[in-house]
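Note that chain A is present in both complexes that follow, paired respectively with chain B and with chain C.
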Partner chain A sequence: MKSAVRRIIGAKEFTLFLVMAAAVVVFTAINRNFLSLDNIRNIFNSAFVVGTFAVGMSCLLISGELDLSSANTGMMAGVLISLLMNAGVPWVAALIIVLFFGAVTGLINAFFVNVLGFTAFISTLGVSTVYGGLALVFTNAQNVPIGNPAFWSLGSINVFEVFPLPFFIMIILLTAYGIILFATRFGRRLYMVGGNPNSSRLAGINPKKITTILFVNNGVIASLVGSLLAARMHMGSPLALSGSDLDAITAAVLGGVCFTGGSGNMFGVFLGIMLLTSFQNGLVVVGVDSYYRVVAKGVLLVAALALDFYRERARQKQLLSS
Partner chain B sequence: MEKLLEFNNISKAYPGVQALDDVGFSVKGGRVAALMGENGAGKSTLLKILSGDIRPDAGGISIDGKAQSFESPHRSLQASISVIYQERQLVNDMSVMENIFFEDLPVSGPGFVNRSELRRGTQEILDVFGLPIKPADIVGRLSVAHQQMVEIMKAYRRDSDIIAFDEPTAPLTDKEIDILFRLIAKLKERGKIILYVSHRMAEVFRISDEIIVLKDGRLVNSFETARTDEAELVRAMIGRDIGDTYANLNRSDNIGDVLLSVKDLVAKGVHGVSFELRRGEVLGFAGLIGAGRTETMRAIFGADPIISGEITLEGKKVRFRSPKDAIANGVALCPEDRKEQGLVLGRSIRDNISMPVLSKVKKGPFLDVRAEESLAGEAVRTYKIKTPSSEKQAGELSGGNQQKIILGRWTSGKMDTKVLILDEPTKGIDVGTKAEVYQMVCDFAGLGIGVIFISSELTEVINVSDNIIVMRDGRITGRVARREATEERVLALAMSDYQESMERMV
Partner chain C sequence: MKKAVAVILTLLMVFSLFACTQTTENTPSGSPSQSPTPTPTPSASQPAQSPAGGGEDAETPPSADTVTDVSALENTIGFFSSGVEPASRDTYEIVWAYMRPMALFQNITTALKELEPQLNFTTTEYCANSDIDAMIQTIEIYSDQGVDGFMIVVDPTASARIKEVLDGTGIPYVAMLNSVRDETGSEIVPCVGIEGEIAGAETIQWLYDNYKTYWGDIDESEIGLLDFNFSPNVDFDDRHNGSKARFLELLPGNESKVFSADGVSGALDEQTGYDLASAILAANPDVKYWFVAGCIELYSQGAARAVETLNMDDRVLITAVGSDVLPAEWDGGYDGSWVSCLALSNYQYTIPGICALVAQMDGKATPETLWQSRRAPGDQVTFYNVSYGLLTRDNYKEFFEQVLVDSGLA
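Our next item is the complex of A and B:
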């Protein structure tokens, strides 16, 4: 019993939980509305973008890779789905095409990393930049409005009154991927590859296959985010989602995903997402100037990285001393 | 005044190994002292202490009677010591001249590099060496031999009083070796102190004045080169204290038909290797580090590409395209570097053992943790892995226990291992666990597994294996059965030149 308590207190998630609880108490003390149903719905609504990105990104980070093209893949998906629907393609077909586009993007990223041996940081940044430019070309830098109410509803229906559909989808994805990571063969291999790709390969695991699947997976998830955002905004914007993949990395690292690969879990990521978004929302509610909110986000990221650094160093020390 | 370098009772321990044990000797100016000994005898550790790379636990170095304390490589350089390691320490993307004058670039004005002075100084050194290299050549584009010469020129430029070479001739061709030896002779005349580590008998006899032999971290003896011979040196390097560990090994000696046959295998660092492994046989691979044994096995295992050659497993031609492929066919490899290539240190013992058989411990779409647990438990019991539970992280265990995890991985109830390749399985392991590993090797063979046992420790490879293959420079230089194997004979094969051994075999 005692050891169970100690394990809970020792877990990284517990620290996170305390930080979040403290933030909630402070924000509510300053403004009671922080915990109102409307505001909670607000938090959920803004959590979905970062949170859904964080699902695919966390898997990549755990496997030792990353994808900086997710935000622009999502943006591109939003633009494409709007253009397709305006051209008369039914929304279901348009959504399928756009998800396929995400998968192809993932394959391109995987090709650069696994076949040509590029560093993911650079090559995904390249793909991202290309998409950013292409979107401006396709739209002439104008938003593409969508006039399809059936499609709009994807972004606005609430499930069980409180959960906006996109947020609900995020929760389902988090749960599904949590189970995949924790209990399946693929999940185990993912951790092993992230922990040590050389050892994994010599023990019969194919690291390139694992990361290829994850890049494709991430591309599809990014396109889904882009499509749902387009539904909510009633348009595709060539400037949407900018920087939200970096926010996803912030959330993942806050949630205890090791930046060098090998560890992390979806429960932690969930807490990371909620901390990041409720913190941002809380600053709005208590009336902090929007420029300072950006500063606060940066401070939170650096704090998360510092936490990860010390955690990793403590772990290395422990490994070395034994 | 004549210079004097003294090593005073130096000791250095690493976890589980006494790398140097009370080693003391001195070298006078104008003399070349060769350091010899098997792999792991302590030569490299000694050089690292001389260069200030590591610090001894006890004892120290004095120069001209003055005790020195090197807190860092920088202090060692200041004391006029240059150590040239086997691993080149060059900046590949920079030019020859920038590398040679790396620590001391000539500057003019407010700190601009004086390139004409740099070029002139470098050309001067190149003229001394007589090499076809230009000062502005990029180091990374030179041949390996020329890169090694740049490393030597770097030390020459410093004009250090004490120069140590660690196997300098390994990458060199005869032409550069001649240049190097003439240079060493010149340095000798100028009263420099030279330390020379080499495995090559002929070289050592050609250039050294005295020979210092180390074994297991202790200084065995020192000889005047003119008054000793090859046989005496080999005897000193091997020593006489072979315990009865080996006599007590329980072997089955039941060797069956051919299991694995390799013909004319060519891969990176492997130049036409052929051998046969039988069921129940322990086939030792002896040789010095870098002889191409690891490369041979990695190619067979599908970890590195094969250029040409034929591999037959149980009568069927095979060529594994990946380790996964090899494992599916019953071939397993325990790599030399346990931490970097064997284990995932941050994961549990259980996870590390079930790694290759995850598809056999499934319950529907999920992993069957209980089945995994029983695999891990079995390994912990069979190999007496010292741990409170199989949940413990692999990185928290000692080297010997880590090795047992990998052995457990390849011999678990879900594996069907026919060929087990062990690359230096006893490296960095304490003596007691070593004996356990030897018995395990014999037990595997007793089960009908063909075991390939790579080891750079002569005593163990000779005494554990049924047959021994000796490699050098990517080629097989000899085959000996245990009954006929003597350490002298195997060491001679491991160090001999390929041509010589061909003549001997004919």
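Our next item is the complex of A and C:
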């Protein structure tokens, strides 16, 4: 029993949980409506974009890769699905096409990184820029309205009266990917590839195959985010989602995913997402000046990383001494 | 494999460059890669003017006497009938430059393209993608290429530097949207736009005048204001201040129910509007009725979606400055809490702007002589405040049709 408690307290995620609990207590003390059902639903609604991006991004980060095209892939997906539906394509078919587009984007990224040997940072940034420009070309910088209420409901209906559908999807994805990472051979290989690609290659694992799957996976997830956002906003916007992929990386790193690969889990990522989102929401709810909100966001990240650093150092010291 | 791809990419780049060059040659003055001398139109028998503009009277110093008063026909093409027949001079090359992609800027581009044959000019569009340094360098590049004039959205964060560079080129220019003022608040660049504070105030005034249509006879003390802002942009900040001031003027006892939502912590997009609006609306259930004022439409759009999510449609009225998003929603059948917007047609911006620029390039006007009858006291040059209307679902189509008729473009 004692050792179980010690293990929980010693877990990386426990720090995050404490920080989040403290934030919730402070925000609720200042404005008790922070914990109102409506506001909790708002937090869930706000969390889904960054959170769903973070699922695919975390897998990539754990494998030692990075995808900076996620936000613009999502944006492009939103624009495409709007254009397709306006052209008379049923929304289910349009969604499937758009998810396929995401998979193709992932393949393009994987081709640049795995076949041509480009750095993921630069090549995915290039793809992102291309999509940013193409979306402007397709839309002339105009929003593309969607006039299909059945599709709108994807972005706005609540599951069990509390969970917005997009958030619910995010939870399902986090759970599914958490299980894959924790309990499957693919998951273990992914950690090995991220931890030491050369060793994993010598152990008979094909890192390129793994990262190709992850890039495709990330492209599909990004397209799903873009489609759900388009459903919520009733339109595709060529300016949507800018910077969301960086927020997703922030949430993932905050949740304990190692930027250089090899470690992290979906529970930590979930906590990172919820901490980031509830913190931003809380600052608005308690009326903090907008400039300080920007500062606070940065401070939160640095503080969480610092806490994690000291916890990790303490753990290593303890290991060495024992 | 790598080599093959590298070769293909290189060839693609070369072909692209070649294709661009071909386009430039086919359209005489549409690109900065042209020679400094504008290509004459078939009817142009005049000598080529200097890069600083000029046309047939380029060497004659402009004088105030030659400028027609434009106040009477502000929306009509050709109100600068300064005596220069557009077809009789060389085709002007102008650059339309702005900081970031926005629907309004694209619509202005469209309007410029429509006006090109009538005023005998060609347009090169440039978007700096929020990179001020790139904007400044590009101005210099276009200047070296010999363009005749700039229509430019001067970013407020670097307005002094941009003005300095533009002045350094010696090429006529007109600012669009964002006013440029010195430290005393005096306008120093001729600009076509809207007075942000007045626009913000008008949107709130409309909500106040019409809320009974939606809510009936309610207790006014129960009305709160959610006022969007994007404070780094002076113009948006002015709109925010105007809305807030008018709200407090109309409902002085409701000061505690005023909430500012500055998008600076997010982005200029609807998601930021959604996040801010949903948090503020949910966190203040004691405010029974809400006016929501958007300094830009995307924030109002986000707020509209937040209101739908929170099922507050019957307690919130949303408005915005700008009319590129809501009319499209109305076209799609929208009938929710976003009930009005302050309409600004792209033609109402473009026509005064391009006419003023052409008058300067013709040598018939200077920044100081433009729109003198409209100049506000204390301003060194004129801020041309475009006319606008408050649109609802019932009158928006009529408004845009009327603008086209007034412009002579219908």
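The rule is short, and it goes like this: the second predicted complex is superposed on the first by the 300 of 322 C-alpha atoms of A that agree within 3 Å, B and C clash if a C-alpha of one lies under 4 Å from a C-alpha of the other, contacts with A are read in each partner's own complex, and residues count from 1 in each chain.
The criterion applied here is as follows: contacts are C-beta pairs under 8 Å (C-beta built on N, C-alpha and C of every residue); 3 or more make two chains touch, one makes a residue touch a chain.
This structure is a prediction, so every number in the text was calculated from the model and none was measured.
S.K.: Let me test your reading of the model: by the given contact rule, A:Leu116 touches which partner, first (chain B), second (chain C), both or neither?
M.R.: A:Leu116 sits against chain C, while chain B stays out of touch.
S.K.: First (chain B), second (chain C), both or neither: which does A:Arg188 touch?
M.R.: Only chain B is touched by A:Arg188; chain C is not.
S.K.: Using the superposition on chain A described above, determine whether A:Val49 touches chain B (first), chain C (second), both, or neither.
M.R.: second
S.K.: Looking at the overlay, what does A:Asn198 touch: chain B (first), chain C (second), both, or neither?
M.R.: The answer is first: A:Asn198 touches chain B but not chain C.
S.K.: Which touches a greater number of chain A residues, chain B or chain C?
M.R.: Partner touching more chain A residues in the overlay: C.
S.K.: Regarding the shared-chain residue A:Asn33, is it in contact with chain B (first), chain C (second), both, or neither?
M.R.: second
S.K.: Does any part of chain A touch chain B in one structure and chain C in the other, and if so which residues?
M.R.: Shared contact residues on chain A (touching chain B in one complex, chain C in the other): none at all.
S.K.: Using the touch definition up top, name the residues of chain C that touch chain A in the complex.
M.R.: By the definition above, chain C touches chain A via 1-2, 5, 101-103, 105-106, 110, 229, 231, 259-265, 267-271, 274-276, 278-285, 298, 301-302, 305-306, 308-310, 324-325, 328-329, 331-334.
S.K.: Under the stated contact criterion, what part of chain A meets chain C in this complex?
M.R.: Within the complex, chain A touches chain C at residues 31, 33-34, 36, 38-39, 41-42, 45-46, 49, 115-117, 136, 140-143, 145-147, 156, 164, 229, 232-235, 237-244, 280-281, 284-285, 287, 289-291, 293-294, 297.
S.K.: Along chain A, where are the residues that touch chain B in the complex?
M.R.: 183-185, 188-189, 191-192, 195-196, 198-206, 262-263, 315, 318-319, 322
S.K.: Which residues of chain B touch chain A once you look at their complex with the stated criterion?
M.R.: Per the touch definition, chain B meets chain A at residues 301, 303, 322-324, 327-328, 333, 335, 340-347, 351, 354-356, 358-359, 362, 365-367, 393, 395-398, 409.
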